[in-house]
Structure formats: C-alpha cells, structure tokens
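Everything below concerns the one structure shown next.
Labels run A, B, C and D following the written order; every chain starts at residue 1.
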Amino acid sequence: MLKLPVSKMDELFSLINSERTLYMPLEKNSEICFDKWSSDASIRLDKLNTVKSPKDFFFPASENIAAFKTKGKEIIMDDIRSEIEPFALFGVRACDAESFNLLDLIFLNDKDFVDTFYESRRQNGIIITTACNEPEETCFCNVFNIDAANPGGDISTWIIDDTLYWNSLTKKGSGLTEKIKKMFEQADESEIADHQAKISGVINKLPFKDLSLDGFTGEALIEKFSSNQWEEICHTCLSCGTCTFICPTCHCYDIQDFDTGKEIHRIKCWDSCMYYDFTLMAHGNPRTSLLERFRQRYMHKLVYFPENNDGAYACVGCGRCVQKCPISMNIVKVAKALKYEGMK
Amino acid sequence: MQRVEGEIKQKAHELLKSGVVSSVLAWKKGDLVYDAAPAFFKSPNALEDMVYNGFCCSNLSKYLIEKDSENEKVLVFLKPCDTYSLNQLLSNHRVIKDKIYAVGIGCDGKIDIEKLRAKGVKGILEIEEDGESLKIQTLYGDETCVRRDILLEKCLNCKGKDHMVYDELIGSELSEETALGDKFSQVDELEKMSSDDRFEFWRCELSKCIRCNACRNVCPSCTCRKCVFDNPHSGVNAKVNVTDFEENMFHIIRAFHVAGRCSDCGECTRVCPQGIPLQLLNRKFIKDINNFYGDFQAGETVESRSPLFDYNFEDIEPNVISKGRGIN
Amino acid sequence: MQDLVKEKPFKPLVVSFCCNWCSYAGADLAGSSRLEYPAEVKIIRIPCSCRVDPLFVLRAFQRGADGVIINGCHPGDCHYSTGNYYTRRRMAMLFSMLDFIGIEKERTRLEWVSAAEGARFASVMNEFVGELREMGENKRLGDIRCKE
Amino acid sequence: MNNKEALIPKLGIITDIRDETPDVKTFSVTALNGGVVFPHMPGQCAMLSIPGVGEAMFSICSSPTNKEFMEYSIKKAGVLTDWLHLAEIGQQITVRGPYGNAFPVEDDLKGKDILFIAGGIGLAPLRSVINYVRDHRENYGEVDIVYGARSADDLVFRKEIENEWDSKNGVKVHLTIDREQEGWDGNVGFVPGFVKSLKFTPDRTTLVCGPPIMIKFVLKTLEEMGFDSTKIYTTMELRMKCGIGKCGRCNIGSKYVCKDGPVFRCDDLAKLPDEY
C-alpha cells in the first residue's frame, strides 16, 4: 500500500492524465458526473454517487456499430470502428466497480459472442475506486456483499483526512502504479483499518442493511412471476426509463438505423424494458401491459439474472433508483413486497 | 398536517366502506422518511399505510387518465395545484367527472429532498417539520433547515390555495401561499440575455438530458395514447439522444405539445433526474400566450378553450417575432 | 497561391412549405412569369399551411436547412376557412420558442402569398435567402450526422 | 474491423424469389461470391436486414445439406418484410448468424418415428428439418407431416410438398385447410382435430410449429392422445435485436429465445412463465 498527501492529488491527477485520459466526478453545469479531468475542473470526490453511473464508459448510451451506403441493389459496408484510447476512471465507488463485473458476465462471458465494443473499452480502461467515507441512507451495497470500505476495481484508494491511500489490486492496476510510483510513500494497511471500521459502523446503521433477498432464486420463478403483488406495486409506475438509464447494471439495448441522407448509421443504444415498444413485433406484443413490463425489469434483476449467472443479482445496491424514481418506487420496495412469494 | 392526514384517512375509510368508491388514490408510506409513493388503495385495511405529509408531491391527476374505461369510481386527493390539471383533463375529455370523487386537500408547500441534499446534508434518516423550520436527523449528526429554502420549485411559484374543482374539501385552511414572486422572472432573465448566451444556457442544460422520458410520462397534460416519440414511423423515435439536435428537438416538441394545456404544475422539473429546469420551457409558452392572446391559466375552468385551439382575426404575426420587433 | 483560391459563396438551403391553394400556385406563377428566385429554395407542397407540424420545421433544420419559410393564404382567404389562423398562432409560439432556445429567429418565417402573387413569392424568397446568406450556415439546430 | 463481432453482419445477395402464397415469398440468398453465407443446423435462425429499413430474425428454411444457397420463407407482416416483398433478384442484403439452438436431428431424433405438425408459415422452420431428414432418410423411422393453412392458396411449399415430399421415401403428408374450397378434395378442418383423426401412436417424436394459438391447441390434443411432452419440440419467436442473448428482450422467464431457443422441448417450456 502507498500513500500521498491530499494536497498533492492535483499533481497525481496530472501525472495519471499524462499516461492515459483521466475521468472523475466533476461538477459541470450544476451536474456532477464523470468527466474529463483538467487542472481547473471542479472535482467533487465528496459526492457519493453521480446521477448517471459510469457504465457509459464501457457501454455507452449510443454508439455507431456500422455504416452502410446503398447504391441501387448494392450495399456497401464501411469500417467505422475506431481505436479506444487508454483511459482511467478515478473515484469509482465500490458498487459501481462491482457493476462492471456484472456487465462482464453479459458482454464477455459468452465466448462465442463476446461484445467486442465493450471488450475493447474494458481492456483500455483502468478503474480506480475510492472508499465511501459517508454512505447515504439509500445505500444497500452490503446486501450484495460489496464492502464500501474496501472497494474493488484495478486500484482502490481511501481518502482519510489529509492522506490518500493507494492500493493496486490487479496487474493492470500495478502497471499504472509502477509508472507513477515516484510520487508516493510506502504505507501500511493498518493505517486505514480504523477508517474502514468507521465506515462499517455507518453501514451497520443504514436503513436497508437488513434487506434480504433469500428466496429470490430460479426455484421460486413461477411463484414470484405469478404473484398478485405485482399489480399493486406497479400500478402507479409511469413507465419512464429513469431507473433503467441511471442503473449501473441495466444493460438492455436496442439496435436502430439512422439515415443521414448520405449513409445509414447502425446505432446500438440503451433501451428500457419499461417502454411499450421494447418487445413490440409486427404481429403483436407479448408484454402489452404495464404490469408485464414492470415485472420483467425486476424479475430480470432478482430472479432471471441470478438463475443464469450463478446467483449473482443484477443489482449492486447503489441506491440511485431509490433517490431518483419520480414516484419513489424502487427495487427495495419490490424485493420487500415479493419476499414471501414461493418461499417454503 | 397530522390532523389533516387523519381526516383524509377517515374520509377514505368511510367512502371505501360505504362503497361510494371502489379505490382510493393517495400516497403510501415508504421505507424512508421522504419516499411516499402514489398508490391505489382497494380495501379499508390497506389504508393503514396511507400518508400525507410534506413529501407527498406527486400530482395524482395523471393517474386518472383512462380510468374512465374501468367500471369503478376513484377517490382522489388533490392539492390545490393538482386541481388545475384535473380540470384540464376534464376539459379535454380525458377524464370523466362521474368516475371520480375529488377531495381537495390543503397544502403548505412540498419539500424537495434534492435541494436538501444539494445543501450537503447526507444520510437523511428523519425529518421533523416544526413550523417554518425542519429538524433533520442524519447518519452524521443533526441539522436544521428553513423550510422555505428547500421547497420544490413548483411551490415557490404556488398558484394559490384555492381548489379549482372538488367534491369536498379537507384541511384547506392549512394552505398557505408560498409564492415568492413572479413565476416568469427566470424566463424574463433568459429573454434579456443575448441569443448566444441563451443558446449556451440551454446547451448546458439540455446536454444533461438522458432521454428517460420521465418529464413526458409524468406530465398530466401529455395524454396521447401513442406519443410521436414512440412511433417508429415518425422518424423521431430515438431511444437516446445521439446528437445535440435530438436533445433540442425532444424538449422543444415536448413543451410545444402541451402549450396551452400546461397548467404549470411543475412535475417535469421535479422528476428530472438531471435537474434540468424544464418548467422554463413551458413557462415561456405560457408567457407568450399571455402576451399575445391574453391572460390564460390552463385548468382554471373546465369550459376554457386552449389558446392554441382558438384564434382571433387580429392575432400577432409570427414575423414580428422572427424579425425581432415588438416582443419582450 | 491558396489565398487566390476564392472561398465558395455560401448558398443557404431553404425549405419553403407552400400551401397547395395559394403560394404553391404563386410559386408556379413566379416560374411561368420568368421571375427569378434562388434555386436553393426547396418547395414542399402542403394541403394547407396548417398542416405544418412544428416537427416538420425542426426536421428541415436537422437535415441541413439554413432557413424554413411557411407560405399560406392571406388571413381570411384560407381554402378551409380558418386553417391559417391556427398556423399563425402555432408558428408564433414555435418561432418564439426557437428564439428562446437561442436559435437565430431570422431563420424562420411565415408569409402570406396568394396564387396571384407570383412577384411577391419571388421577392419574399429573394429577400429571405439574402438575409440567410448574410447570417451564414445554420450551426445551432442542425444534426451533425446529416452534415458534410 | 473485428470480424468476431456478432453484431456486424455479412453481405448476401438475393439470387431467387419464389411466390409461395399471396403473402409469403421464399428468398434464396447466397454470399456475394456464391455459396451459403454461413453453415447452420436445422431450426437455427439468421438476422436479415436492409440498412435503413430494419433488421429482423428469420428461420433458415433450407436444409444444411444445401450448400449452394440459403432459403428464407418470409410472410409479409411489417416494415422490413413489406420491403423485401418488393425487392428484386440481385438485391443485396445483410445477414448475420446462425443464431439459437437447433432441432436435435443428430441425437434425440435419430432412429425415431417423427411427426411434423405445422400451420401456415410455421412450416418454414420445419422445412429445414424435413429436408435434412429426407436427405439422411436411413437415420430416421417413419415420417409423417401434418400441415394446415387457412386455404389451399395459403399452403406454402405446395409444389415441393406434392412433387418431392409426399409418398416418396416413406414420407407421408397430410394436408388440411380451415374452410371448404372449390377444387379441394383433401381434409377440411383445423390442425388439432385433424391430428386427432389421423390416430398417430403416442410413441412418435413430434415437432410442432405454427401460430401460437395453434401450437397451444395441438399440444393439448397431443396430451390427450397420450404423447409424452419430453418428446415434443416446438420453436418460438419473439422480438429480437441482438440475436445473442444480450439485448434483453426475447426472454421467456430466464431463457432467451435467440440463444437458449428458438427450439424448446415442451416439458422445458412448461416450466417457464406463460409470457409469449
């Protein structure tokens, strides 16, 4: 483990930035989000969760995957893939770092169909996490065995009073550390133990810390699916895409064509299962009602995803949906309402 | 406020039990102090979870749309500003009055939890309303805050304490006009800016849009069965904003489609996860309508005709605007 | 050497929505009277000026228009009695909003041109194109994908 | 360009278009330099697209034994299919795949007596299997095909059925149409009832495809006749965008039709929620 006085952080950022483009939570236009660091940027590492999760660095809201020109009956396909420049994300929280592991399960695990767009971004990005000094009341990452005091990623950091502690976790992380090592002093892990205990103390007081997802397994699939609780909890959902788009683990996408008049761009973009046209086909729609679409989102996160991925839930407890849902419906309320369905 | 909550619950109980209504549309207690969610209650027992406090900000009239197709009557609780929306829906025939039992309830302004967070308050556990001040218990110690400082944007420009439509009133004496001043002041300020500055302002704001459609879906005036933005044949049905143009277009058209019907309920601004002041776009239309065609408040009466479905022989020529003469 | 190569003069692209019953015939008359107006004016025939959805105007800008002009019958002369009165209100709202968003207001226009006013049609187009030429390219409301 | 990327299509060319019924055409597609665009197994699907018009999943209805070209029988139903019906020979098209699983022609079906039951355009996905079975006739037992459509004009592959399939190599075809029609001397009636009247023995391995409502009633009939649901296969279709189980829209419960399907064994399907 290494350490550095907080006063030298700007110097550190500038050094990292000279190695690879550095992104971190910045305040811009009264919004705090991950953006390109510059020496005069307003850094907001105190903000726990940015409204938009940093998933768009790997899985962007929209990207061109192909371009076509048509000439009579002929189709000409253009190579439009660009190289991804190496980059680093600083200040990623433990929950968001875990969300990248979940996205990996979708986009990288199936060796026959690796999403190469995602893959190249993932290979070129280094994730530097920061422990959460002040968890919010909406946090429940502990439910998914994520430790806010001991975040993952390639490198984890802790900002304790005037000192930044730095610890590489992966080969990629050590590679970067090696290049900027001269800035740091050696530190001992015991130096952060008290701070970690303090964070754990706060986590123990969080309102959702005891949320239990026992029983959300494939065995209870039909019971959970056919529960009559759905009607009650979905009734006032606006079927907007807020929860989907701010969620770090939501990964459904759409493929659309845009005709620019000169060529056709094939765009892969975020989509939400809350939208009516998500499953709309020429001959009809298997999910016509709000209930079916609402149920799909939560069943996917809490039942289907774990069934396909060795029990991993598609949620990291970041609390964004708890904070931002226009009608205050969220995954916690859903999990509580369906807890007993299908339980033996 | 607690007294009013009690009276509201009692009324709901009474009407549900007697069978006058088959469901009650109100707010349901959440897990946190501020996350009361709109909900339908169908049995008297369920009413236990009903709440009414400073966080019950949703405009419930949105949920009445198309309820007329169901063979039941709904009891709905409406704050003064929500009744404008109901009136507007009634005048557009999107809600049938016979299917609704509207109880007007008092409101002394609703709290914006985001404003509290923006003040740096973290880990909010309890909030106690004590007159004009709020006592906040957090994971990191206690805080106090002046209520007025964290009221929702829409409450800062309150339309008044009078209900426009109701079958009954509860606690209307509670209402207090919280308006701080001219609701057009921000629009005026923007109008005074140069075109370049205004462009810059809106680029900064609209570039934050994640196209979640919350502003559209929450709007009680957005009532089309199929939105142009969901129609794959309209050519504008993008799922996300790929370019600046799509950001601008979405918000111009969203506001335009409710111009003359927007009662300025401010839900669009409230629900925007990115904090874009969307209401300003709607208010610009309201201001123009007032200026060009005479003062108009959507939803004030059921009979009123939207200015954009109407005309006058002497209306202002648009070129007066495009050539830059005579407005502002 | 490069300094000698003159920059190409800017030719603004104009989309002109013309009502079938008046200004479309007006444009025809301008043509048959051999009155000149710029070739960059692209005419789209519509059944009534009232048919112009604000989305049409925005889409024209998206696809590279530098100015959009809507031509309808003079107030009182609408083929459908009142269509153009509604157009007048709608476009007043839209133009004002575009201005509010920071789009140059001079890029949008609504004109009343009757079937008999071929000369007026040509002069309105000439004037509008002239103004746009001075303003330059539409950079604020175009779609970057449709450029080049 | 990384050719491994599943979402990037290959180019193909339409080399032949045949009218099957008033609203179904069969398109032969080859790679630009001839031959199939990629090899496949019976039951698998491919994503066809005309850039700017749309992209959609179609089952490959030619048999893998056909190495010259691939065939797709397409019913006019939406934007892309309307466009394709207006296309001419020589039109280029983008193709990606093959996607999904296949009918177990090399294991569970081998050596078995097979019963094919199809309705309308539902014969298209089965055609691939039928021709595969015909080309490897020695590997399979008795083969019966029950096929129904709204009218005689709506029977797809009619020439092929009559000239090549029926009564050759021990393959029997039983046709039915929904309503009486002049010039039709075959059976009249819905497919489920027809299946019942043909009195098949329940030891048959059955492959069913057709409109959802037909599948539902056929399965009920088969159950009544004592068929074992572990020996009944069907093929599904839902809205698909990626074809590789990632875009998240074609799931039935935790199974993705594009990846875990489109072929499902009926006992497995019964364990999934009824949302298709």
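The working rule: contacts are C-beta pairs under 8 Å (C-beta built on N, C-alpha and C of every residue); 3 or more make two chains touch, one makes a residue touch a chain.
As the structure is a computational prediction, the values presented were derived from the model and not from experiment.
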Need the CA-centroid distance for the pair subunit A / subunit B, whole Å please.
30
Between subunit A and subunit D, the Cα-mean centres are separated in Å by 39
Report the inter-chain centroid distance for subunit C and subunit D in whole angstrom, where each centroid is the mean of the CA atoms.
53
Residue numbers in subunit C touching two or more further chains are 143, 145
Please output the residue numbers of subunit B that touch at least 2 other chains, ranges allowed.
232, 242
Can you list the residues of subunit D that touch 2 or more other chains?
79
Based on the touch definition given at the start, go ahead and assign the chain network to line, ring, star, complete or other.
other
What are the touching chain pairs in this one?
A-B, A-C, A-D, B-C
Touching residues (chain side subunit A, partner subunit D) in the complex
65-66, 68, 70, 73-75, 77, 79, 81, 106-107, 110, 112-117, 218, 221-222, 225-226, 251-255, 257, 259, 264, 266, 268, 271, 273, 278-283, 285-287, 292, 296, 299-300, 303-305, 307-308
Given the complex with subunit C, which residues does subunit A contribute to the contact?
258, 260-262, 265
Per the touch rule, the subunit C residues reaching subunit A in their complex are 63-64, 143, 145-146, 148
Counting only contacts in the complex, subunit D reaches subunit A at residues 1-2, 4-9, 11, 50-55, 77-79, 81, 88, 90-94, 237-239, 241-242, 244-251, 253-254, 259, 271, 273, 275-276
For subunit A, which residues count as touching subunit B in their complex?
29-31, 48, 51-52, 61-62, 134-138, 202, 205-208, 232, 235-236, 238-242, 244-246, 254, 256, 258, 267, 269-272, 275-277, 322, 324, 326-330, 332-333, 336
